[in-house]
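Pasting the structures in now, so scroll down.
Across the two complexes that follow, chain A remains constant while its partner is chain B and subsequently chain C.
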Partner chain A sequence: MEAYIFNLLNLIAIYGILAVSLNFIIGYAGIYSLAHAVFFGLGAYTSAWVGLNVTPSTFVTIPAAMLVAAIVSLVLALPALRVRGEYFVAASLGLQVIAVTVFSEWKSFTGGIGGVLAIPPVNLFGAEIYQPREFAIVSVIALLIVIAITLALVRSSFGRNLRAIRDSESAAASFGKNVPLIKTVAVVISAALAAVAGALYASFISFINVESFMLDTSVLLMAMVIIGGTGTFLGPLVGAALLLILPSAISYLSFLPQTEIGALQQIIYGLGMTLLMIFRPGGIVGRRSGT
Partner chain B sequence: MLALQLAVTGLQTGALYALTAVGFSLIFGSTRIFHFAHGATFAIAAYFFYFVFQAGFGTVPAILGASAGAIAFGLLIYWLVYVPVQRHEGSFFTVFVASFGVGIAVQNLLGMVFGRGFVTVNTSLSRSSEILPGLYVAPLAWVAIACAIVFLGALHLFLRHTHTGMALRALSDNPELVRIFGLSPQRISAIVFVIGSVLVVPAAIITSATTGLNPAIGHHVMLISLAASIVGGIGSVYGTLLAGLILGLAESMALLFVASQWTEAVTFAILFAFILIRPSGLLGRATAH
Partner chain C sequence: MTSTTIAHGEPLLQVRNLDKSFGGMKAVDDVTLDLRAGIVTTLVGPNGAGKTTLFNLITGNLARDSGEVEWLGQDIAGGKPHLIARRGIMRTYQDLRLFDSMSVWDNIMSATEYGLLPMPMSSAARHRRKERIEEVLERTGLSDKRDTRALDLAYAERKFLSMARIMATEARLWLLDEPASGLDPNSYERFLKILRDDREAGTTICIIEHNLDIVIGISDRIAFLDRGRLLADAEPDTVLNDPELAKIYFGDQS
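The block that comes next holds the complex of A and B.
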């Protein structure tokens, strides 16, 4: 039971990092990405590859993961500079679909469908951390650092520029803001932070394959941000915790066959998203009036 | 010969893509509702057809069942979800998320009711015969192409030559003016949803008899419809039609150059390129905003 609780806590921390970093571009820059799982995956694969082939030290694997995700995220920044709204959603969907194909076919790097096995655990100054209880300290600290970084950014002049762009791009541009640069930096930061979650995930589970990084994950992450409340500080965390606790809560309903739990979870969060949009578009934590 | 075979298969796929994508494009173009649950309409129609057909009621009742399911879902989601969402704000994103949520729920409900595996409807029409040396075509391919011509032709006549069709085109230009003329934008929107949902039915039925169904099919259909609407130009029904055909052909012809697991990536590479280079699409008039 104790191991179970700490496992859940670790997952909440990892998905919390993903939700917070996704909220950074959805809530503050108005960039609705359905490709966040791509950067989660890139971080996981890169840190696994570095951990297996170069050094298991976490002080190398995480920066490497962030670097690769940041570079690839320029591909996502490109459409974000050109288009908004439905066009960007479509572009990010396209990127997600292409990435899943690449993840399943590039066998030397990702292991294909079979995935990567025996990924070394988190290694801090030579000490290996793989017990769920000890790992929870690492993952929660990582989550706190990510929250601190995004909060600092949001409250800085950079954050104000972002919100200005979200509300009116042309107004921000007419005030002399370098809109393309600010948007690109936001996407790059968000992707690099998602890669941190990927690296932690790979070393915690020690096995990864493409199934963790498909469109379903991107949708789940978006659901976390939206249900919690876009553009709020607590929203993504509340959303992540809620949607991860949901499956175990449902499994207490003993009359349900085990195989239907996943489906029921998705039905609940699907309808939850719809009902929230009708009655409370700002999310659980959000302001009452709109995103 | 391989190229010709792929072209024919591509044309069949393209005809089905055109039918579903035009439905989506019509809804989005005239009501500005980003109807992401369009794929769910497709899945509902296909599974209703499968259910009634397998129960032994015959083809015609199955087609009626599929149509009834699609229309009912289209109208329900319009009245129960989109109208309330648009009442207080209705930004693009709010509508999208609400629609997305319904799509997820429908996909999983279908999975719980009908199972998550692949199912196919077996008919004599899906058996291929050799019409030229080395060229195999199933009669359903002709049915698909004929359906596309008949349904899209009827849509063209409806949009051009009936009062409702004109009102519908007017809605996309200026909803306020429609109201001033004493017409109800909500009534017209409901009609648009009926038409868009009906257009999906032939594609859903033919797909259930050719490549087969699983509950996640709605997702694939939605991605293709979205891609075709953008490549064709959002708001342009004819552009979407053309783009649906092109994407179907491209997906099939790509097999000449890449392995089959890359075909979906080819479709989205085309979409990605269009968004970067020409967001207004092939025949679009509205530019990206």
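The block that comes next holds the complex of A and C.
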């Protein structure tokens, strides 16, 4: 039971990093990306490759993961500068689809469908951390650092620039703001932070394959942000915790017929999300509509 | 921002033979106009005369077909909007385009900062900026609303916030697109005082306005546009007493 709790805590911290970094562009820049799992995956594959081929030191694997994700994110920034709203959603979907194909086929880097095995654990100054309980300290600290970075950014002039651009690009430009540059930097930062989650995930699970980085992960991450509350500080964390705990919590409800539990779980889960969006469109933490 | 000094009344921005067509329609047709330092030039003309299009061409929101826009002797036509703004030419929009999700204070604050990275500021500079914003809030009557979301403001307050944003900048030229339209007469005085005070402080202002009280109350020069063409650019009395222009503006009432 203890291992189970710490496993869950680690997953919440890792998905929390993903949700916080996605909220950074959804909530403050109005960039709705359906490609966040791509940067999660890039972080995971890159850190696994560096860990297996160069050095297992986490002080190398994480920066390498961030760097690769940041560079590839420029591919995503390109459409983000040209199109807005639903058009960008479609463009990011395209990147997600391409990435899944590359992750499945580029065997020397990603191991293809079979994935990468025996990824070294987190290694801090030579000390290996693989027990869920110890790893939880690492993952929670990483989450706190990511939260601190994004909070500092959104409360600075950079955050005001982002929100100004989201509210009116033309007015922002009329006050001298370089709209394409600011949006690009936001996308790059978001991708680099998502790669931190990927690196932690790879070293924690020690095995990765393409199934963790597909469209349904991107959709799940977006659901976490929207259900928790876009543009809020706690929202993405609440969303991540809820969507990770809820499915298993439902299976513990003893009055449900155990043979149908899988289908019921999906129905309750889906119904809950729909009702939430009807009655709290701003998310659990977000402001109520009309206030 | 440049700090080149231009004597009062000398041309600060010079528009030369500017053309812009949409499809077959000439929205701005061979317009040549000077905006002179330290004075208020009012653009008048019927709807569709090309007044806002002229603003959009100056600020780079629209690309010109031909012609030049000279700022302090440099051709700026075809430049990107944010670079033109950084030279000291800023504008308001007829539909305001406030930063709706942000507070009044953050709207004004954000208008004054455009760097990618937070600018390292001395505490004295920080203090000066704060005082400047306080002063702008006071002059626009928004002091009590500083923490209110722009979206939640009343109409007149939104109009004044649009002014407040530009007032807080160090722009030398303001292009104001119908800033007083829809204001109640009680707000006119406050509005005119803002313009007069800033003109006094050396700001050059070009304003699109329909309300004759405002036009008469503030204009040093009036430029009259009709169907993209500049029909007059003169002292207010000359333009307002021209029967031909009155006929175009108010319709033929004979």
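Annotations
Everything below uses one rule, namely that the second predicted complex is superposed on the first by the 265 of 291 C-alpha atoms of A that agree within 3 Å, B and C clash if a C-alpha of one lies under 4 Å from a C-alpha of the other, contacts with A are read in each partner's own complex, and residues count from 1 in each chain.
The rule we apply is simple: a contact is a pair of C-beta atoms (placed from the backbone, for glycine too) under 8 Å apart; a residue touches a chain by one contact, two chains touch by 3 or more.
Fair warning: this is a prediction, and the values are worked out from it, not measured in the lab.
After overlaying the two complexes on the shared chain, residue contacts for A:Ile278 are found with chain B alone; chain C is out of touch.
Among chain B and chain C, the chain that touches a larger number of residues in chain A is B. Contacts of A:Ser104 after superposition on the shared chain: chain B is touched, whereas chain C is not.
In the superposition on chain A, contact is made by A:Leu93 with chain B only, not with chain C. Residue contacts after overlaying the shared chain place A:Tyr269 against chain B, while chain C stays out of touching range.
Of the two partner chains, neither chain B nor chain C is touched by A:Ile113.
In the superposition on chain A, contact is made by A:Ser157 with chain C only, not with chain B. Look at A:Ala3: by the touch rule set out above, it reaches neither chain B nor chain C. By the touch criterion defined above, A:Leu78 lies against chain B but remains apart from chain C after alignment on the C-alpha atoms of chain A.
In the superposition on chain A, no chain A position is in contact with chain B in one complex as well as with chain C in the other. By the touch criterion stated above, chain B contacts chain A in their complex at residues 28, 34, 81, 84-85, 88-89, 91-105, 107-109, 111-112, 219, 223, 226-227, 230, 234, 261-262, 264-265, 268-269, 271-272, 275-276, 279, 288-289. Interface residues of chain C facing chain A in the complex, by the touch rule stated above, are 59, 61, 80-83, 85-86, 90-91, 93, 97-102, 106, 109-119, 165, 169. Those residues of chain A lying in contact with chain B across their complex are 32, 78-79, 82-87, 89-91, 93-95, 97-98, 101-102, 104-105, 215, 219, 222-223, 226, 260, 263-264, 266-267, 269-278, 281, 289-291. Chain A contributes residues 156-158, 160-161, 163-164, 166-168, 170-179, 181-182, 185, 231 to its touches with chain C in the complex.
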